Amino acid sequence: MIRVAIIGAAGLSGLELIHWLRFHPQVELTVLTSSKYEGQTLQALFPRFTGMSQTFEKHETNVDHCDFAFLAIPNKASLDLVPELLKKNIRVVDLSGVYRLSDIPVFEKYYKLAHTSPELLDTAIFGLPEYYKERIGNANLIANPGCYPTGALLGMLPFGNLLENLSTAPILDAKSGVSGAGGRVEDDTTNYVTVNENFKAYKVFNHQHTPEIEQYLEELTGYRAQQHGDLTFTPHLLPLNRGILTTIYLRFHDALPVEKVRASFEEMSENNPFVHVLPAGAFPDLAMVQHTNNCQIGIAHDESRKNWIVITAIDNLVKGAAGQAIQNMNLMFGLDESTGLI
Amino acid sequence: MIRVAIIGAAGLSGLELIHWLRFHPQVELTVLTSSKYEGQTLQALFPRFTGMSQTFEKHETNVDHCDFAFLAIPNKASLDLVPELLKKNIRVVDLSGVYRLSDIPVFEKYYKLAHTSPELLDTAIFGLPEYYKERIGNANLIANPGCYPTGALLGMLPFGNLLENLSTAPILDAKSGVSGAGGRVEDDTTNYVTVNENFKAYKVFNHQHTPEIEQYLEELTGYRAQQHGDLTFTPHLLPLNRGILTTIYLRFHDALPVEKVRASFEEMSENNPFVHVLPAGAFPDLAMVQHTNNCQIGIAHDESRKNWIVITAIDNLVKGAAGQAIQNMNLMFGLDESTGLI
Amino acid sequence: MIRVAIIGAAGLSGLELIHWLRFHPQVELTVLTSSKYEGQTLQALFPRFTGMSQTFEKHETNVDHCDFAFLAIPNKASLDLVPELLKKNIRVVDLSGVYRLSDIPVFEKYYKLAHTSPELLDTAIFGLPEYYKERIGNANLIANPGCYPTGALLGMLPFGNLLENLSTAPILDAKSGVSGAGGRVEDDTTNYVTVNENFKAYKVFNHQHTPEIEQYLEELTGYRAQQHGDLTFTPHLLPLNRGILTTIYLRFHDALPVEKVRASFEEMSENNPFVHVLPAGAFPDLAMVQHTNNCQIGIAHDESRKNWIVITAIDNLVKGAAGQAIQNMNLMFGLDESTGLI
Amino acid sequence: MIRVAIIGAAGLSGLELIHWLRFHPQVELTVLTSSKYEGQTLQALFPRFTGMSQTFEKHETNVDHCDFAFLAIPNKASLDLVPELLKKNIRVVDLSGVYRLSDIPVFEKYYKLAHTSPELLDTAIFGLPEYYKERIGNANLIANPGCYPTGALLGMLPFGNLLENLSTAPILDAKSGVSGAGGRVEDDTTNYVTVNENFKAYKVFNHQHTPEIEQYLEELTGYRAQQHGDLTFTPHLLPLNRGILTTIYLRFHDALPVEKVRASFEEMSENNPFVHVLPAGAFPDLAMVQHTNNCQIGIAHDESRKNWIVITAIDNLVKGAAGQAIQNMNLMFGLDESTGLI
């Protein structure tokens, strides 16, 4: 059994980790931390976990008896804690954004935070199992992808070097439920009457996930910002609890070979248990993926075959956070990557 | 023109007052206050009021040049401010709860607040126009009814002395949208992911509107708590923005005369522009009343005619707050009570 | 492995059965029927079941090779099909309402349907495991309880003979999400713009679950309609997908012994994996139970201890339908009743 | 007084017309038609119109005594009825899509309908008051713009000839509430449980509003499909009742003069009562415009000033349908265009 600590277990991602790990056949939920709820029991605070006996401990609690830690805490807290845990040989999946970007000035611009452990960036592996499976297996530190980048990248990566032919940089119009856009943050922006029956864009030309998408797109495909221009990523806030739908606009100089594109997506589908491409003409909705670790993908092109639209749907709390984190843990411990997940 | 001040103009009730008064033919919106937004303009903060030129002032601003004030501020602030305004001969409709209850110990028990101006209770008139029209016209201080009591009382008062025959005290099961249950309070209880796709009761056996309903029911009908028992009022929180639906259970010793009951409701309907009784067999929903000052009422009885259910629907921000407040102001200034309202 | 047929697999209850049975360790999903979708595959129509290979067959398909059938079809269709299946020695959990009421005239009044197999009523067992566990184990035909009766009964049955002391019949004010109130019925009443931001009562004094609640309450407690009067049950339609919250008002002649009442609820909790009573002062909300087979219960009384409010929450598609059906199947086959459920 | 007929008064657009015209100072609501509800009264069917005395008549009713007709009926029905009304000298605002497109083959491709009165296309004026004010005043037949084209065009037209410099055709990612996407259509696609907590794109590369946007964009600006390519328009379905937010992506060869762009939008704002451009850095949400005839617009560019995002918000039932229709009627009768609207 893997003895697991969840640091930051009472936030939305932490609670989602508990939801899935509760029945994971190889995991023992050894430590749950929450500064806010220290000393209180899980089942009293969250009766949907009735029957579980854990009590929240403070973040600083000793986790030496654990094999593994999920970190679901703010960026600054992850920067402080990850080096400590690694020194103790506790392997880590970090759900914060601090080990994803290789370019420190870009990181500091978007996160408004000094990077205090840049030496770890080389060993941290980006936890997108569909593209880094082998390296994840050998890693001690996984930078779990952002929710938006997960949905964005899975819709573009299969184009591979075809993206060299882009006539203009990708445009990504993403729409997220409240839990993916800062949910449970206790301020006016996620108050019920502010969000309900409403819809808006936010962080236009300015979201911290933009460089994350760009970096891994450049690393894995023929897209080059210098040549094609910066991609545009616009997040919007949907009046619903969970799910991200990303509408991706790709325009090419030349007509693309349709069969080749589909074949590439189908290959990704066949090799990965949680990625599914829909039949031609079909597009995903959020209901298809909520409460699952799946990414569902629809692809369309116009008559010229130069203009393409890819739409991806994920549950931001599962494939976009806790589920993908568990998938990464499975790979790190040599388990089937879908263990304990659906 | 009536020169009007809205003290507390940036909360939900204050904004709703602005919405309606903007086109009121006899009102000039002279002063809007908001401690939080002092110095900022209405239209910049709330673009739905584009075209209006008012700037928020602090609560302590001088309102001597006004004829009238709506108070939409916390209970304690109303206790402090009302006596001052009355001394300056500014007539007041107070939307707080502090001048509604005549029994000081009951007030202090439910509001957890010492009453600092009990001498005003005698002159304050309960602003339910359907039952206190004449006295409202002559008043300088109106205690605007609570949103729940408005929906509850309009569904029971027409029974009048028939309530002497109750076999058990009324049971009121009320369901309110978020704006009627503390909306925009910036804590976890009205956070989007807490409320959305969820439903619960709150303040069971313990809501401060219970004695308000009981007091005016005793004053105006044959119901007596000492004889029939205390009425039960249970509020619930609906995942929607606005509206209160109250399901009222009345049980009698004897079969009630059906025609007489209907006639009493129809008489209230005919004499009051904002109260409407639906045909037999029909019941209101919230869509019928949202964004209007109407109260829609449905009545049913079982075969024995001893068990009755009355269901009332109001918009908590209109008939339950701002609309009723304006209706009261109209009466105070000798205008048609429906001026500026629908 | 139990070879299972789901007759009516593409409705909301049928799909929920698939959701849970997909990972049930003792079940093989042998036949899925849907007249509407005959010949189409499950995963193409409902991509959230990607990876499953079943194809919908017509309702009349041969199920002789199955050990067991869930029926999630209209009342009339169940009346026709159940006798046939039993003759073939296929054990059945019927989710329709046709084998729940023992009084045929009452059944025909509320269901507007002639009962064509009254001889089965004696052998059909009401599938409320908390009260009929042993008989369920031996039964060939289970009448799965209605969603409203499940939430209503679990909140009242623990009072047992204390209900002899009722001073007036119980009043049940129930609120259901759309899937529990006829969801996916393709008419105007469940259209999005009709339901969203709206709320209403329906079938006032007239819902077919009223006699079901009354029958089993009389069978299992000291409540007697002839003495205490008919209970009142009022369903309301909530703007959300799933969950039923039932607010139960009980009034007694005498003060009830508080500890005895709590002890009775706690005993039910301890003996049954899916019923949980909350600590004094706490009440359930729907989020606690959604996507689980749990019933969460809160209890309160006023100072006199004569007036009690019990609030129960269930997921109408799980404990109110598919989950309870599986719990019953587990008992019928000698499995732990919580197999495959959470 | 203008004697007005609303043909198709019981659909969502028809009811919204009634809502606004009820208090229009120059209008008498002379005829309301509804085939479905012929003979029934408005206030009985829709209690929110309590106090109004109209009865629905059949569509074929004689409207010779009217001066003016709004048509809110299906496309085919408008094709049949408009020529008749014009012959009787009844002026018409047609809310259907049949007189908007000048290219008959394009019309027939997207609407799957033969055009039976092409001779009227020359006299029909596109009812976008911000750009066709004078011609609307003189017209007898107005083709009221589609809801999506209204939001799309108002966000692009002020660029005028700057659009000649586009490096790629505009990409429009639009999100509509249910009432703008076929609401009250009584089929599965707008059923509550299908839409609630869900989100999806529809008619990808295939929505009939695409050529409407393209035609008027070409007519009024420097955009040319032949040179810049076809614009891409993708509608999505939001889980809310009303409102359309359109995110418009424009990319140019050269850096655009920021002040000139803003000046152009501000000029449109100043000259038109219902169009408002927000300050730099601000973007609209749907709450700003719901239940108003306003279009709120936010504009942003990246550091290169070559990439622009414009976001517009309208209420699809008001500026996107009934409100704009009334604005057009006002202009046709020489009234102030904002009469009866907010």
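For clarity, chains are labelled A, B, C and D in written order, and residue numbers in each chain start from 1.
In this text, a residue touches a chain if its C-beta (ideal position, glycine included) is under 8 Å from a C-beta of that chain, and two chains touch if they have at least 3 such contacts.
Small disclaimer: the values here were computed from a predicted structure and weren't measured.
For the pair subunit B and subunit C, chains touching both partners: A, D. Distance from subunit A peaks, on a Cα-centroid basis, for B.
Note on interfaces A-D and C-D: more C-beta pairs are in contact across A-D. Chain pair A-B has a twin interface among B-D, C-D or B-C; that twin, with over half of the contact pairs alike by residue number, is C-D. Once the centre of each chain is set as its mean CA position, subunit A and subunit C turn out to be 38 Å apart.
Centroids of subunit A and subunit D (each the mean of its C-alpha atoms) stand 39 Å apart.
Our note on geometry: subunit C versus subunit D, Cα centroid distance of 47 Å, whole angstroms. Shared contact sites, meaning residues of subunit B that touch two or more other chains, fall at 194, 196-197, 239-241, 284, 287. Chain contacts in this assembly form a complete graph, since each chain touches every other chain. Those residues of subunit B lying in contact with subunit A across their complex are 12, 178-179, 183-184, 186-188, 190-197, 239-241. Interface residues of subunit B facing subunit C in the complex, by the touch rule stated above, are 167-168, 171, 173, 175, 194, 196-202, 204-205, 229-230, 232, 234, 236, 238-241, 243, 245, 247, 249, 251, 283-287, 290, 298, 300-302, 307, 309, 311.
Listed in rising order, the residues of subunit C touching subunit A in the complex are 23, 44, 46-48, 50-51, 197, 273, 276, 278-279, 284, 287-292, 294, 296, 342.
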